[in-house]
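Chain IDs A, B, C, D and E follow the sequence of writing; residue 1 opens each chain.
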Amino acid sequence: MDWSFLAFVIFATIAILGSLMVILQKTPVSSAFSLVLVFFSFAGLYALLGAHFIAALQILVYTGAIMVLFVFVIMLLGQDEKTTDIKDTSLLFKGVTTLGAIGLLSVFLRAVMGSKEIVAKGQYSEEKIKELGGNLQAISEVLFKDYVFHFELVSFLILGAIVATVALAKRKNTYSGEYHE
Amino acid sequence: MENSQQLTALLIWPMLGSILAWFIPKASQRIYSLFISIVQFALVIYVAYPVITQTGQGLEQTLPWLSDLGIQLSLKLDSTSVWFVLLSGFVSFVVLGMKGQWYRRNTRLFSSMAFFLIFSINAAFLSSNLIVFYLSYEAVFIPMILMVGIWGSSTKANSVFRFFLMSFFGSILMLVSIFYLSYLYFLKTGIFSANLNDLLKLSNENSPAMLWCFAGFFLAFAIKVPLFPFHGWLKEVYVNAPAPATIWMSAILSKLGVYGFIRFVGPLFPEAILSAQGILLALAAFSVIYAAFLAIQAKDPKALLSYSSISHLGFVMLGVFSMGASAKTSAIVLSVSHGLTSLVLFYLYDLIVKRKEDVSLEAYSGLAKKFPILFVCLFIGVLASVSLPGTFNFVGEFLVLIHAYPVSALCTILAGIGVIFGAVYMLKFYQKLGFGVSSDAQVAEVAEDISGFDLIVIVLILALIIYFGFQPSLFLGGMTNV
Amino acid sequence: MNEPWMMLIVACTVFLIGLMGVIFRKNLLIVLMSVELMLNAVNLSFVTFSKLHNSLEGHISVLFVMTVAAAESAVGLGLVIALFRTLKTADSDQIQILRD
Amino acid sequence: MNLLLIVLFPFFGFMINGFMQLRSLKTGHKISSKQSGSIATFAMVLSFITAIYYFIQFSGQQEDGRLIEQNLFSWIKLGAFHVDFSLRLDSLSLLFTMIITGVGSLIHLYSIGYMKEDETPAKYFSYLNLFCFMMLNLVLGATMPHIFLGWEGVGLASYLLIGYWNQDTAKVGAGQKAFVMNRIGDLGFLIAMFIAYKYVGSLDLVDLQKATLSPKIASVVGLLVFFACTGKSAQIPLFTWLPDAMAGPTPVSALIHAATMVTSGIYLLTRISPLLLQAPDVLSVIAMVGVTTAFVSAVIACAQKDIKKILAYSTVSQLGFMFLACGVGAFDAGVFHVMTHAFFKALMFLGAGSVIHALHEEQNIFKMGGLSRKLPITTFTFVMGWAAILGLPPFSGFFSKDEIIIQSLHSQYGNQILFIMALASALLTAFYMTRLLVLVFFSPSRMEKETEEHAHESPLVMTLPLIALAILSLVGGFMHHSEGGHEEGQSIMIASVVVALIGAAFAFFRYRKFDKEEMTNQFVEKGLGIDVFYNKFFGNGVPLLAKGLSKWIEEYFIQNSMKFCTWMVEFSGSVLKSFQVGSMQVYLLMMVVFGLAFMIWILESVMQGVIFYGK
Amino acid sequence: MFDSSTITLIFPWIILGFGIMATMLASSVRIETRLPAKLLTIFTLVLVMITSAKLFNLDTTITINGFIEVSHLSCMTLFFISAISLIFVVGSGGYLEKEKLHISDFYNLVLLMVLGASVLVSAKDLFVMFIALEVMSLPAYALVGFRRNDSRSNEAALKYFILGGALGAVYLLGASFIFGASGSTQLSQIFEWSKIHNGDVLLFLVGHILVLFAFLFKAAAAPFHFWKPDVYEGSPVAVTGLMATVITTAAFVVLVRLFHMVDFQSQSFVPYLESLKQLIRVVAVLSLVVGSTIMILQKNLKRLLAYSAINHTGYILLGLLGTMSKPEQIYSVWFYLAGYAVISCGLFLLLSQSETRNDQGLELVDLTGLMKRNPLVTALASIFFLSMAGMPFTVGFFTKYTVFMSSIASGEVVFVIIAAICTVIGAYGYLRPVALMVMRDPDPTAAEFNGTKSNQALIIMLAVLCLVLGVFPQALIQLTKGMELIP
């Protein structure tokens, strides 16, 4: 029983319980705060896996950006009162869903057992990363060397998201019905 | 086989007609259609002439079309197909001369569709590549559906759908069979081909697969002909269709099925046919009697004619399933004669209906007195339909039965009983229309007797029916050497 | 070091919890959050496998997934807002007009 | 001289009259019966003259030289199957030709007078010519299909002429009945041809006559041909159409339904007699059927009131005699009776026509009487016919009928039952014919005043044929050179004459003073219920069966199975559609469930059961 | 890493990128002026077409860093996608005007979608696929919900979005499993790995199946089809058309790649091939049956076309099934996609010309008696419907032909028979609108069809193309035969 294992157990428990809370909370706001909990515990898990940069990003992006967005919208739409939809849903529906999830889980579990056989073939072992000057250094190098295409593409993704959101969420229809040329 | 470039003309000309029809003013559409169809008929005769005279010599033409898909535009005019092509040329010419609402409403569409129909029919009869055959076989639906739908007497879409769906169901299974055959051929030789000549190499195989393929073909053609349990679509469509469509369907399209049996099923699946011959003959014979019974109880004269068509085609199928060259020839003769007869009957019935509309008679009766010449013609038509000796139908029916008899006496006798019932319903038909006391005294002044184009054409056909009744050697001579 | 498959089990569990949330929560905002949960779980899985393989591909992937998640939630929230404008609700039961 | 001429003259007559008729319809110009009738009669006379020419030619030749064959063209030739369209004249067909053209000419002549009042005589005469044309084809055809052509052709002409007055649907119905019943017989003919072709390989009559078949095949062919003959010649079981066929004009009845068409059965049987002789069983069947028909229809005739119906049943009865003759192997006697019967029965029909004509379409014999004074020539000629049918010497019937009765006992195939039944039929014949004669011509008048006043003798065109036929009835018997009197025949001859006289006397005394309508047995009058039975059984049964088929198989099976297919598709569509509930979360759940199922299924099959069952 | 030769290879995308930015700038100036945006979009798409056409004569397949493939397949698809989008951009102006949706954002989103689709078809890396998928999908969500004031449009967009998001996550999970099993996300490396791998493949299989599910969802194969009718019905017609063509095409290209991701010759994957075939069989048959049987019950035309699309998905999967054992038959899938895209492009453009009396979208009854009022539209619609039904002498026939041929050649006779029967059922569905148009008398409440001349010309062109390809499909078949699949 080493410390990292203990940390893992703690983070994992928080993550799972937190996610359960996300989907079982009555108000969106509490769901959102449960989600924050999950994000934090995930950050911890990343750190345990040695992905420190990712752990940091997790906090920054998810908790810092996405969650704020969520909370903002919740408040915007006035969705902070309690909803009872979880109770309204029929038991059968929930039951089937749970059964399905358990079934999937069992399949996944069986599948990930296969990961024990995985032989590492990448070049970025922990030593190598250290050699390169740490996690961030290594990632940056790979990101801007090999994955530059992805990177550019993602920029268009964000562009698309912006345009899409703007197009969707504009309050007033600015269309006047005539051409202005 | 002689290589000939003329066969494509039989396809190009109607296609051209179909396209040009859109540029012809409405008023002259009938003249235009007549012109195109007469030229087309003349073309057919010109092309077919050497085939008829030089017995056993056929014309062949192969154009590469979609060779990478195993499709070649191989056309073949031999002594089997030539009669069907001639028949369709003739029938089309007659039909397009008919006057009717199709020359008043959506005229351009009508002529265009008519020529497209002729094109597809010709393509189907000429093609010796199964895929091309299938293509044209199915292309026939499109104009047919439109004709029934647009100019038909009823807006009930169900009949059209039923017709289309049943036929399509059969034919698409045939397509699957064709695919499978060419796949078998591919397995054997490594080449994808749907040419009949190639696929014939499979015909001596006797495997379950061949039996299934046979079933696919059988279903397609049996629905088209139609044979007994597959005839459900027929009545409604025939009754609701405008006269040209009805004539085309009964005179030509049903022959597509017959032709399919003779041309493809017979040579491709001899084993399968032989093993199922009893059932097939029984089906054919039962079709004869069953349809005759339906005709007897039919109230609508057009329905009666439709059922009689099934009944007669039962005879044809009896000949086809008897196998053997002579029986095959007999079936072709009967097909042609049935084509001519049903042309006459439906044509004249349409004339009568038009006259009836003109004078608003409540029921048909005593019309013979008012339109004597029309009814003389109709009577000869009826006689041909009951295959009285001396008419072309007799030759066909007699030959069919005499060749079917050695194969299955029982079925022949059963079908023979249909001859009796044929007399019953056809006479009933004629009596209902022609005899008795007519209910309207003023008809004579309003509606005229048959005259002009109608008269000439009908007399011509009747003359042909009687002439071939005594001189069928034209049909028999060329076909014996096949 | 912990057995990596344990990490994967956590990932899978969270993923499926997210899936369950998407399926049976009616509040569209919570549904969106559940989608975020699923994406997070995937991230964890990527990082774990990345570690197993001594590779950085997984890390990079996580970066992109995060971006995508952000973009997606932006569009999703935009859609929810648009829906809220017309239907005055963010309840998934209300959006069953299109059916059959 | 060309054999074709015999056939062609009536054909031209048919064409000319037909075209004239069609033209007159167009122009409205009416054609008189004199015009069209003279053309038709002329055509028949020419044909008759041609026949006489051949008769003269034949009589100068030996028995075996009496054959002329003329191949016109090849009709149907397909592979091994070959039928020529050729005419063949031998003594048998010459005899029939002479009857057809001779009696035909007379009846055509008679018709000119009879159809004077008719609106469309040209149509009538064209039909009559068509009939003669077809009939000549029947007797001159050299092959079975050719005979069949004539066979069906006469049926057609018969149909047209019975339903000549087609405004009356009952008459058309009678024609239809005749045609259909003939067709039933024709089926036998057709199948006989098929079998014959299968076993003989040819349908030429000569080949058929020469052929030796196994007894079984021969009997089947014989029976089928006989079945065909029962249709055409109105024998049991297909005889019921003939009385109805009297709906047509009376000359038609005389020509078609007495003299010529109905005897074509005898012609056909005689033609294939070599085949029949190979099958003795068939012969006895033919004899039995013939004699039964003769007897039964004679019984029915006794109860009839309609003058034409009596003659019709009489015809059936006489035809029964002829079949009896064929059945006992005495084909000659049968043919001989055909000839004499043609004379006297045509005569009687025409006489009846004359009576009907005089009485304005009155046909009930109980509304006649005492016409001998008004219609002397008719009466006189009718008496001649009466004597002939009774078989009184020296009238023609005496020779032919007695020949048959003798043969029915003494022939190789004859027996006593046949003989006794034949005699009984002769007795009945005498009875009903005398009844007819007395009631129409000699008993007190029972006519209405008006008709009685208008009754008058027919014009010369009508009486001339009567006289001619009367003479023929008288002398017709001597045309046949009998092979000497049989020793035992003498007594039978006497017996039959006596029997006839007894019957005649009985009738004479019973009806001499009759002045009211006789109460006949309805059952017998209606044809012993046979016709009723047919009407009930087939007349209603076939439509019923048709309705049943159309309802149960067509509606419920065929149409409903199609509907069922549509329904199945639509039903499965609506079942599948019910998954489309509109809730995206349900969709997702379904995807998860399906996905899970697929996954487990695939993994199970790949890993062979390691997922849940362990390794 | 990008040398000059690589730049030429990715030139179409660069142009697209600049186009997108330019359009965005143009639209941000004044939102009411959309002509510049429209012209820019057209210009961009034409340029993309030209540049991608330039790449046709590329005789080798080039993979950039193992992520992106420039090959015949990708260039053709790129060309094709941009051509279809161009037609929609040119043709849907009137529709947008009518629906009051004509704002520059539309063009911007279309371009973004095209970019996503075009990258998707070239992607050789699971991750590029995912990003490209999102690049394609996000604008698509927005376009579906483009009628912001229409709750139906919103609903459709949300459904599409949530399901798309969830399935995107599923894809990612699958991708991570594959990555875990094989150590790479690049298809070529996975293929190499599968060749030599010998051992437990369960992790890979689960990942693979998940990935397949995600793209079966995008391709709307039953039982992952549920979103399609709802989304089709709710979205603007022009967008539906784009989805039916561009997204379907892209999704299928990826699906084909994913199905051929591993080397089935390899020892460990031999049993997997059969199971995978089983999966395709089941999914194909389900799609065929679901599509055809529900289609004949539909009243809404767009919904009908959605089910028809599901039905078509079934056919394409049948073709794919044929390619599983005979990869050279892959052209049937491409050919089918191309033919189907041409037909639905024409049909949706035609439908976008309609003016209904209510907002429920174009119902079937709105077509009643159209022939008497508008014969041209009737003729065009009939051609497209008959094409969809697979009637001879239309492109629809040969598309079905090749697909049937391909699966027969793999011995899948039973499934071809099922497909054939479904064709008959489907034909009934397509014939119903035709019959309504042709056989009935006009209904005064029925829809009007008013299109501009240029639009009509465009549609006529497409109809003629349908017919021409129905008689002379060689050229297209030759092209598609060049589109080989390189692992």
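The definition used in the following text is that contacts are C-beta pairs under 8 Å (C-beta built on N, C-alpha and C of every residue); 3 or more make two chains touch, one makes a residue touch a chain.
Since the model is a prediction, treat every value here as computed from it, not as a measurement.
A.B. asks: Give me the chains shared as neighbours by subunit C and subunit D.
C.D. replies: Per touch definition, common to subunit C and subunit D: A, E.
A.B. asks: Not counting subunit B, which chains belong to the same connected group?
C.D. replies: Without subunit B, and with every other chain where it sits, the touching chains still make one piece.
A.B. asks: Count the C-beta pairs in contact for every pair of chains, then give the pair with the highest total.
C.D. replies: Here the largest contact count links A-C.
A.B. asks: Which one of the chains is closest to the middle, using the mean of its C-alpha atoms?
C.D. replies: Nearest to the common C-alpha centre lies chain B.
A.B. asks: For subunit A versus subunit C, what separation do you get between their C-alpha means, in angstrom?
C.D. replies: Result: the chain centres lie 6 Å from each other.
A.B. asks: When the C-alpha atoms of subunit B and subunit C are each averaged to a single point, how far apart are the two points in Å?
C.D. replies: From the centre of subunit B to the centre of subunit C is 65 Å.
A.B. asks: State, to the nearest whole Å, the distance from the C-alpha centre of subunit A to the C-alpha centre of subunit E.
C.D. replies: Here the centre of subunit E sits 30 Å away from the centre of subunit A.
A.B. asks: Measuring from the mean C-alpha position of subunit C to the mean C-alpha position of subunit E, what distance in angstrom results?
C.D. replies: It comes to 26 Å between the two C-alpha centres.
A.B. asks: By the touch rule stated above, which residues of subunit B touch at least two different other chains?
C.D. replies: Counting only residues that touch two or more other chains, subunit B contributes none.
A.B. asks: At which residue positions does subunit E touch at least two other chains?
C.D. replies: Within subunit E, residues 127, 131, 134, 138, 141-142, 145, 148-149, 157-159, 162, 166, 177, 180, 183, 201-202, 205-206, 229-230 contact more than one other chain.
A.B. asks: Identify all positions of subunit C at which a residue touches two or more other chains, and write them in rising order.
C.D. replies: In subunit C, the residues touching two or more other chains are 8, 12, 15, 18-19, 22-24, 26, 31-32, 48-50, 52-53, 55, 57, 60, 64, 68, 71-72, 75, 78-80, 82, 85, 92-93, 95-100.
A.B. asks: Just spell out which pairs of chains touch, all of them.
C.D. replies: In this structure, the chains touch in these pairs: A-C, A-D, A-E, B-D, B-E, C-D, C-E, D-E.
A.B. asks: Which residues, counting only subunit A, touch subunit D once they are in their complex?
C.D. replies: For subunit A paired with subunit D, touching residues are 93, 96-97, 100-101, 103-104, 106-107, 110.
A.B. asks: Which part of subunit B faces subunit D closely enough to touch in the complex?
C.D. replies: Going by the criterion above, the answer is residues 162, 166, 229, 231-233, 290, 293-294, 296-297, 325-326, 329-330, 366, 368-369, 372-373, 376, 383, 388-390, 395, 398-399, 401-403, 405-406, 409, 412-413, 416-417, 419-421, 423-424, 427-428, 431, 434-437, 449, 470-473, 476-477, 479-480.
A.B. asks: Which bits of subunit C are touching subunit A when the two form their complex?
C.D. replies: 1-10, 12-21, 23-27, 29-30, 32-34, 36-37, 40, 43-44, 47-57, 59-60, 62-64, 66-75, 77-82, 84-85, 90-91, 93
A.B. asks: Quick one: in the complex, what on subunit B touches subunit E?
C.D. replies: 66, 68-70, 106, 109, 131, 134-136, 138-139, 141-142, 145-146, 149-150, 152, 155, 157, 160-161, 164-165, 168-169, 172-173, 175-176, 179-180, 183, 186, 192
A.B. asks: Hey, which residues of subunit E end up touching subunit C in the complex?
C.D. replies: 127, 130-131, 134, 138, 141-142, 145, 148-152, 154-159, 161-162, 165-166, 168-170, 172-173, 175-177, 179-180, 183-185, 229-230, 233-234, 303
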